[in-house]
Structures are given as C-alpha cells and as structure tokens.
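Below is a structure I'd like to ask you about.
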Amino acid sequence: MSSEQTALSIDPVVPVPPVLQVENLEVHYGLRRRRRSALNGVSLNVAPGETVGIIGETGSGKSTLARAVLGLVRASAGSIVVGGEDIGAYGPRQWRALRRRGVIQYVFQDPLRSLDPDLTIEASLAEPLILQGVSREEAATRVRAFLSRVRLDEELLDRLPGELSGGQRQRVAVARALVTDPRLVILDEPVSALDSANRVQILQILKERRADGVALVFISHDLGSVAGIADRIAVLYRGELVEVGAARDVIGAPQHPYTRLLVGSAPTLHTAAADRAERAALRALLHA
Amino acid sequence: MVRRVLALPSGRIAVVILVLIAFLAVLGPLLAPQNPLATSADTLAGTSGAHWLGTDYLGRDVLSRLLDGSRISVLGSLEVALTALVVGAVPGILSVYLGRTFEWITLRLADTLVALPFLLFAVAVIALLGNGITQAMLVTGALVSPLFYRVSRAATLSVARSLYVEAAVIAGASVGWVVRRHVWLKVLPPIAVALAQTIGVGFVIVSSLTFLGIGVQPPAPTWGGLLASDLAYLSRRPWAPLAPAVLIMITVWACNLLADAIRDVSGEAGRALVNHRKARANRLDKAEPAPAGGA
Amino acid sequence: MTTLSEKLHVQADESTVSADPPAPVLSVRDVRISDQAGDREIVHGVSFALTPGRAVGIVGESGSGKTLACRAALGILPAHFEVTAGSIEIDGRDIAGLSSAEWTALRGATISAVFQDPASYLNPSIRVGAQVAEVIRVKKGVKRGEARRQAIDLLRAVHLRDPELVYGQYSFELSGGMLQRVLIAAAIAAGPRILIADEATTALDVTVQAEILDLLADLREETGLALVVVSHDLAVVAQLCDEVLVLRQGEVVEQGPTRQVLHDPQHEYTRLLIAEHEQYGLDRFLAPKEDA
C-alpha cells in the first residue's frame, strides 16, 4: 500500500499522507447481550486523488463504515484519521469545524430524499458553500460555474427537486458534494436507484471530476459500476474487509471465497465467471 | 405560502370571511348604530329601518349587540389559540433537540393535559378568579396546547431524520442552522393548520361559556349570551337567535376552511397541487398566447 | 469450465433433435397494447413463442412496455389499457375471450409470476408459510395439514435453508432474497408451466440475485418450466435466456437467440446497451472464455 502512495506523490522522498486512514475500526450497536457488531477490525487507507471501491452487500457494514467516517456514528474502537486529523475523540463542535472546512463530503443513494423538497436547486447547491462562510453572491457564482461540470442546465436552478428527474436530482447531489472542492467524497450506492442511461452518465461525470484531485470512496453492491471506476477495490463481508487490492486483481484473480462468489455472481454478457455448481460450492463454504 | 393559499378559491373565501370578522371585532363597537345596552319599549320587534335586525326581549338593538359582542368572542378565541401555540409549539420543536429528559417530561405533560376537560377547567378558573374571559381563555389555551406540541414535534421529527438534514449536517450545519433553514418551513404549515382549527375551537368555547352565562357580566353583550337570551323566544321570533348562531357558524366554518386550504397547499400534496396548476397555466398559455400589446 | 449458456444450448439441441418440436406453451403474436385514456399505442407489436423448458428474455428501460406485455399475458392490464391487436395463446388457448373464472383457473396453475418488490406482495401480518399454504389449499384443494407439509416442501425446493423456521416467520423478518424465494414458492405451488419474472432480481444484492437466477435455471431444468425473464439488465437476461427481445419505447428493436444478439447486434440501441455493459461491467476484467 505504501508503494502505491509514493507512486502517486510528486516528491518520492516525502510520502503524501493518505486523505483517509482507518485503522482497526470497530462499531457495535446495542449493549451486552444484544450487542451487534456492524464493523469488526476494518483497516483501509485512501490516497489523495484515488478512487477506492468498497463492495458490500446488505448487512456487510458498508453504510456503517461511511457513517463512521463522516462522524454520524460513533466508533467503538479503532481510529479514523481524515485529512490528517484524528477524529476519534471529536465532539460536535470539532466536527462542525472540520466539516466546514469542506474536507469530506457525501452523496446519498436516494436522489429524491437527499434534497430539501422546499428549497430551490440553487439554494440546495449553495448551502454547503454558505456554511463554509462564503458570501451569498459568491456562492451563487460558484454554483453557476459548476453546473456544466455535472451536465446540468442553468434553468434548473430555480426549480424544486420535485420537478427534476431522478438522474437530474442525483447530478445535483453530486454537484452539491463537489462544489466545495472537497478532498474526499464518500458515495453510498450513488447509482443503484437509477436506470442504465443515468447510471452511465453519473459514472462518467465522476470519472471526469477525478481530474480535480478529489479522492472518491465508492460504496456499492454492484461490482460492475465499481469496476468501471475504481483504482482499488476493498470487499466488505459481515463487517470485515476480506480482500483489498487493485481492481484488476480483485476481479480477475479473487482470493477470498466471498470475493469469488461476488465475481462469479455478477451477470456478464459474454463470459461466465463461474457456473452454478461453483457458486453453490462457494456458498456452502461461506456458510459453513 | 400566503400567496398559494389565496390562489385557492377555498382559501380566498375563508380569508375574506375571517378578515371581515376581525374587522368587526376591531371596529364593531364603534360601528354599532345604537347603544347596545339601551333598552326600549319596542321589545321583540322585527327588522325595521331603525333596527336592522330587530330588537331583543328588552328592546335592545340586536345589531348593535352583535357588533359590540364580537370583540369578546374574537379576542377570546385568539387568546386560546395563541396561548396554545406558544405553550405547545415551542416545547414541541425543542423536544427533538434538548435531550431525552426534556423530551420525556414534555411528552408526559402533553399526555396529562389532554386528559383534562377544558370546558370544566375554564368554568373552574372563572369560579376561582371571578368573571373575566381572559384568564379562562389562557387556561383553556394551555389545556389545548398538546395539539400544537404533537403537531410541531411530529413535523420536526420527520425533518430531523430526513436525508437532506443529514446532508446539511455533513456540510457543517449546526442545530440552529438546521432549524432555521429546514425545520421552520416544514413545521409552519401544520402549525398554521392547527392554529386555524384552534381559533374555531376557541370560538366555540367562548360562545359556550357565554351561553352558559359564565365569564361575562350579564348586560354586556356576547354572541353566546345573545344566543342564550333569545333562545327562550324562539317560538315568537325565530330569527332572533339566528343572527348570533349564524355568525358563530360562519366563523368556525371559515376557520376550518382556512385550515383545509393551508393543508391543501403544503407538504407533498401541496407541491403537487402547485405544480399541477403551473402546468395547467403553461398549457393554457401555449394554447392561447397572450395577445401582444395588451388587449 | 463450460458456460451456463453452453450447457443449456447443448441440452436444448439434444431435445429438438430427438423429438418433435413441442407445442408452444405461451404464444404471443404481434401484440399491440393501447392506452384508451390517452388514446395512444404503447406496445407496438411484440411476438415470441415459448416452449416448455425454454426461457425468453425481454430487455428494456422503464416505459419500454415490457411490464405491460407481461401483464397482458397474465390478464392483469391496468384499467383502460387494452390489447388492441394480435393474440396471446396460453397452452393453445386464446386468452382474448376468457372470463374471470377461467382466468382464475389459469393463473397459478398454468401461468404464474413474480415481481420486483417481494415485500409488497406479502401480507405483513400473516406468517409467510401460511400465505404459501393458502395458495396450495385454494389451487389444489387439499386440507390444511397437507397444505402445510407441501408448503414446507416447496420452501425447501426453493433452496431456503431452514424451511420449517421460515414457514413460521413474518415477512419483515426475512431478507429480500428470502422473500423472493417465498414468492417463487407460492408462484410454482400449483405447478404452472410458465413463470414470468418481471424485474424479479432488480432490488436484490448481486450474490442474492445470482442465487435467484440459479434457482430459476434449476427449476427450468428439473421441471421444464418455461420462463419469461424481464429486466433492464441485458446481462441478467443473457445469463438465463435462450432468446432475447430488446424493447425500446414499445417497439421490438431486436430479437433473436441470445448468443447471436450479443455477438452480432443489428440495432444501434442494442449496441449501446452492450457498450455500456462493457464499459461498466466485469467483462473486460474476466479472462475471455471460449464460446462454442
């Protein structure tokens, strides 16, 4: 992992610190007998400008991981370092300060409910900027300038979210996350609720925006979308990271039985990565 | 929101009626053509030039009594509604943000207040503190406040748990920002609905109390009192109790109509309604473009 | 490691060579569906023939008319939608003049379906096992105890790990994949010859989706069930189906054997779908296998 980091840094003598450093993260819910472990010893680093895909299905803990990194859920053990700051013991005030610096942002899965239905698109897009202390006029200018980068039309600025299509709304959500020029954006199933054409468009936009130097953590259960955009892939299974590596390696030569099951389950057009018998065997292995 | 309510025909009717009633309350006593307390020999007369609505059993001008009495009824119902609003909505919104203990206490208080019969309490207060509608109305307001508590709490909760509020928090918003920017707009419509309804309820309460002769000294006219005094003469002059009854009815109806109109233009359904009307207007525009240069 | 489609193709070849071609169990001929309220034709001529043990896939985006076509075959078109041209035959019978009683007899016993959001097709206040048993009781006329036994057998047949336990659970206690299996169990309870799966795996995780698709393939092989698989995902259809129809805005823009459509797409829209998959799918990572 460190070799990848230095490969990305400009000055090989001074390694560039990762924009996100998660070390042995544990998150538990409930007390004593009814304790449920959502994450168990997860460690992951994200280098600046890198796109990491986290594959996880329902119950894998992927949303908990995102929420812990964003400070919406308290970690039970382990450390999280965001942009060089150890947020482990941060209280609400420190979190606000960190967030207002625009270091880290988030794109939700649901394009409809992540926008305030009573605020115009312009107001929703300007909100993170104004929270950072930017003046209203400057916020409006920056919002306007950003629109073309997410392929949105200026005339949508005065509309309410209810008047936009699902694909447009998700582009607004992506714009809202990127307009503050953050260093890290976490996306939790950003394209799962969209149809194919919109999905491809959003993925394309994200690919283009990587040129701004933002690091992306793309969480999804859809191996295909992640494979198309990620440099590295991490596989989350029942609260643990069972495999991490370059996208090509994880998909082309998966090691862990769950990864092999994942890769073997994704429907493909021309090739079949595994047949039914293989999948059945892998499932038996996992449930043993 | 005001504009949207006025765009609906029901909203317009309700607002017009209520504005008129408010007008009566403010200027009524001054507009009374005669002294409402002045008795005359001309008892139970029908409508005439001098007495537009006739006279009551003591020869007093009904119209003047109605106008004079409007102030008490309207003021009383406003007292109930505004007290309930303040006592209920503020803890309601705060209960979401001030921690578990505060939440628990306010919830149990609201439950307790709901169990108490407000009409009886109003009577009790007047019995204890003497005549004077205001005290009674304040107490009634407190007893009716759980409605505002529940409504504002529910609205705040649904907003507080929404994804867009989470997005704002992630961008660095404080609780104050979230309340000002997101919660407020969502809480206002349900509170407005509750307010309109409570004014209507307050009206009925004031009328009920004065009907029973409680709260106001006898000669002073009130709508409820008028209804009570003239009820005995229903067989001889049927329209005598009609005027105050109809006024009470219309006012309460207008309040509920306004509440409905506000409900129609808020929330999901409201936005759909606004969009629908916009789309219809657009279609009409396209079908018949406005004549150039003005017709 | 031969591919799934290869295996199936080999089987199909054997069956067509050895016996007379079986009569189609579902026959859709140039079906056109219109919306009477808006006076528009929504589906412009869909045709396919489904023989036992075969699977036909319909690929299209939302609004392409794929769901309407399925609903027409089930006799559950929404109000003011009508089949305005063409014919649909189930087991040789034209469904155009069927009465409500005849439809009731047909559904479940001859043609059945599972849809997208499994939770919404189950009553949340009744245990799921009872709901499957109800289908058995109604369609087969057996007594309660026997229905329960058969229901548990069905739950086992759809690869649910602990059928007795699942029988007694409520829908909110089960995951999406398990719920869909329960619904498949209910759908095949009366032994239908045709099963329509309309976006049946769309809301599910990818490994769970594979399990359900594998289950459908197993059912097909073991019981000769004919499948109509509807999806917006070309790959899902490609994995399971012998023949593919590509629907776009109500029109069939391409139709043919799966392998042929994928290797040699004629229509631009098909090519677009394939290109999207190649860009954002796993194909480019996986070692290309030999296609027979």
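We call the chains A, B and C, going by the order they appear; numbering starts again at 1 in every chain.
Basically, a residue touches a chain if its C-beta (ideal position, glycine included) is under 8 Å from a C-beta of that chain, and two chains touch if they have at least 3 such contacts.
All values reported here derive from a predicted model rather than from experimental measurement.
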item	value
By count of C-beta pairs in contact, the leading pair of chains	A-C
Chain nearest the overall C-alpha centroid of the shown protein atoms	A
Interchain centroid distance [CA atoms averaged], chain A/chain B, Å	50
Chain B and chain C, separation of their C-alpha mean positions in angstrom	57
Distance from chain C to chain A - Cα centre to Cα centre, in angstrom	34
Touching residues on chain C, where the partner in the complex is chain A	1-5, 7, 61-62, 161, 175-176, 205-211, 213-214, 217-218, 232-236, 238-239, 262-263, 273-274, 276-283, 285-289, 291
Residue ranges of chain A in contact with chain C within the complex	57-59, 195-197, 199-200, 203, 221-225, 227-229, 247-248, 251-252, 261-276, 278-280, 283, 287
Residues of chain B that touch chain A when the two form their complex	162-164, 166-174, 177, 181-182, 185-186, 268, 271-272, 275
In the complex with chain B, residue positions of chain A that touch it	70, 72, 96-100, 102, 104-106, 108, 110, 113-119, 124, 127-128, 131-132, 160, 162-163, 173, 176, 180
